[in-house]
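Take a look at the structure below.
Read from first to last, the chains carry the letters A, B, C, D and E; within each, the first residue is number 1.
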Amino acid sequence: MSMTILIVMGVLMLSGGIAALYIKDTVSAIVAAGVVSLLASVIFLIVGAPDVAMTEAAIGSALTTVVFLFAWSRIKEAEKEKDTLESDSAEEGGE
Amino acid sequence: MNITQIVLILGFLLSLIGFWGLLTRRDLFRMIISFSLLDTGVHMIMIGIGYIKGGTAPIFDEALAVGEAVGKVVDPVPSALVLTAIVIGLAVTALMLSYAVRVYTSRKSLSIDAVKELKW
Amino acid sequence: MEILAIIGAFVSLAGSLFLLLAAIGIFRMPDTYNRMQTGTKATTLGSLLFFVGIGMANPSWWGKLLALTIFIFITNPLSSHVLARALHFIGKSPLLKGSKDPDVRDDLEAVESLETKEGDLV
Amino acid sequence: MIKRFIIVLALAAIAVGLYPLAWGIQDAEILTEVANEYVENGADDLGAANLVTSVVVSYRGLDTLGEITVLFAATAGVTMLFAARKPKKSGQKGSLADDSRRTGSELLQTGADFLFPILWMFGMYIFVHGHLTPGGGFQGGVVLASAVLLLLFADSDRKMGHTLLQIAEALSGAAYVAVGLLGLWFAAGFLDPRFLAAGEFGQLFSAGAIPVIYALIGIKVGAELTGIVDTMRRSAL
Amino acid sequence: MADIIFNIAAVIALAAFVITFYRIIVGPELGDRVVALDAMTIMALSGITFLAHLLGRIIYLDVALVYGLISFLGVIAVARYMERGL
């Protein structure tokens, strides 16, 4: 039974990892990377490492997402500021 | 197929996905996401090495008495190493993200091609 | 004790069926609001039944399972509320554009003619 | 295109190199020598029920000290990178950060106020029970940081006192080293927790100084992660 | 007997997990993905409690406790980002 759960979680984890690289929207990619951490924490639990599973669940799945989102919204703010000030640097910003 | 083998293969494949993203993406944010995937893969390899056949968590309670632990519990040393590595991974990710934000404010672009000074 | 475990197993089975219903709802529902309501309510009930089943099979685990249930009952509605508010603010309409129901179509036209401002509904 | 080909080639080389590592392996039947020593004697030696805690706090305590140093360095780096530009005042031209952030709903604010003490208490529970159940300083610190984070989500104008965070971080770090030195003085070596009585196995007050050390680590990690997150939140570029 | 029914329940919950994961991959917008993430965390909590029952260790429930309290922060973070409040 635990072998079945392990294999299914692993396949989902790999497809989530590939999706995190190929989804166009960056925030969606961040969410997909969070799902990879969720599945990894279940795998850590199956192989008998509950401490690691707890850390991965708390840090990988929640706090990393939050840190990514803070940085991304700082970039969005900088982009908006650039637009409002109408600076001449017409390079493409961000994604 | 056994559990060690599956976990090791999963870790290797996830590391390869992370490497692939790190080498092919040009966007700094995608590179950081790939780095965190690579991180998770390496952690999984380290945990997989410490697994023992039929092993359970190395924590003593009603279900696991002190005297009969040998041969039943997994290796506690990789768990301890990965535990600290995950926390360091978060701090390093935050540091990389602040570099990315600084690059954006000075170059107005998130592409790695915008940073030309160190290119040769 | 064995009979309690069997009853618990059936309760868990019912819970997992609710989880499956939630998954099917998320898979098939047409827009984000519908997906959100099925994904939140059905999973809350399903996880509650699952925990009750596990607790019947292992009677000494009640304390932690109760705490877990309380946490889910606090956090799950909170997150879905914040999510629905965010969806409202980015301008998604809860009404379906291509709906066959005449009442829904009338409501949609009424809403579009009203042109509600963003801040009014807060 | 040639670049893409080289990358594929390099990854294939890595995969071929890793293949024999993964394929022929079987589940191990016995532990390695060091781990066997820990499992056999760890509980009697230190009195902690969680062997991972024993390894993190005592057997490999120096690793943990180095890890906390790395964490501190990363926090300092984040703070310096964001502080290189001063955050603009809210009335100033070009500042968007404070004005345009939408504050959280009433329900979220009430929920955050209600959940904050629960999360805080739960974080304390996690790192005080680090030697009995899974969890410990790192996880408890993360829970404390996320409790503060919830308040920051609910109200985007909330200001945080960084002085308090710095004091907590510095004091807990210094106390951690001081407890380590006490181990050097009264027991066998640096970070040896046995200078306090071992107590009864499985009780809260047992395992020598391990709960004390882990609580200090928890406070330090919580303060540092809160500092990172709040720096990234409030700095308007 | 009880174990067989528990295993059936676990397989059904696993199927629900896989179906929800479909929304993460192809969800047309960010909101759909976050909804799927929210549902997946609750299903993962059920899965973790089942694993604790299967492996017979009460201490694994602590993982579920931490996960249940922390995981909704990710959803709230994404929602607050969507309404530009972060």
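Criterion: a contact is a pair of C-beta atoms (placed from the backbone, for glycine too) under 8 Å apart; a residue touches a chain by one contact, two chains touch by 3 or more.
Keep in mind that what you see is a predicted model, and the values were worked out from it rather than measured.
Asker: Enter the minimum step count from subunit C to subunit D; a value of 1 means the two chains touch.
Answerer: Contact-graph shortest path, subunit C to subunit D, evaluates to 1.
Asker: Find the geometric centre of each of subunit A and subunit C from their Cα atoms only, then give the gap between the two centres in Å, rounded to an integer.
Answerer: Here the centre of subunit C sits 23 Å away from the centre of subunit A.
Asker: Quick one: report the Å distance separating subunit B from subunit C, using the average Cα coordinate of each chain.
Answerer: For subunit B versus subunit C, the centre distance works out to 32 Å.
Asker: Distance-wise, how many Å sit between the C-alpha centres of subunit B and subunit D, to the nearest whole number?
Answerer: 16
Asker: How big is the gap, in whole Å, between where the Cα atoms of subunit A centre and where those of subunit B centre?
Answerer: 13
Asker: Quick one: which residues in subunit C touch 2 or more of the other chains?
Answerer: Only 75, 78, 82, 85, 89 qualify.
Asker: At least two other chains touched by the same residue of subunit E: list those residues.
Answerer: 10, 17, 34, 55, 57-60, 62-63, 65-66, 69-70, 73, 76-77, 80, 83-84, 86
Asker: Touching at least two other chains at once: which residues of subunit B meet that condition?
Answerer: If we look for residues of subunit B contacting two or more partner chains, we find 3, 20, 50-52, 56-59, 61, 73, 79-80, 83, 86-87, 90, 94, 97-98, 101, 105.
Asker: If I apply the definition of touch given earlier, which pairs of chains qualify?
Answerer: A-B, A-D, A-E, B-D, B-E, C-D, C-E, D-E
Asker: Can you list the subunit E residues touching subunit D in their complex?
Answerer: 59-60, 62-63, 65-66, 69-70, 73, 76-77, 80, 83-86
Asker: Please name which positions on subunit C make contact with subunit E in the complex.
Answerer: Those residues of subunit C that touch subunit E are 2, 5-6, 8-10, 12-13, 15-17, 19-20, 22-24, 26-27, 32, 35-36, 39-40, 43-44, 46-47, 50-51, 53-54, 57-58, 60-61, 64-65, 67-68, 71-72, 75-76, 78-80, 82-83, 85-87, 89-90, 92.
Asker: Which residues of subunit B touch subunit A in their complex?
Answerer: 1, 3, 6-7, 10, 13-14, 17-18, 20-21, 25, 27, 29-30, 32-34, 36-37, 40, 43-44, 47-48, 50-52, 55-59, 73-74, 78-80, 82-83, 86-87, 89-90, 93-94, 97-98, 100-101, 104-105, 107-110, 114
Asker: Using the touch definition up top, name the residues of subunit B that touch subunit D in the complex.
Answerer: 2-5, 8-9, 12, 16, 19-20, 23-24, 50-53, 57-61, 66, 69-71, 73, 75-77, 79-81, 83-84, 86-88, 90-92, 94-95, 97-99, 101-102, 105
Asker: Show which residues of subunit E lie in contact with subunit A when the two form their complex.
Answerer: 7, 10-11, 14, 17-18, 21, 24-25, 27, 30, 33-34, 37, 40-41, 44, 47-48, 51, 54-55, 57, 59-60, 62-63, 66-67, 70-71, 73-74, 77-78, 81, 84, 86
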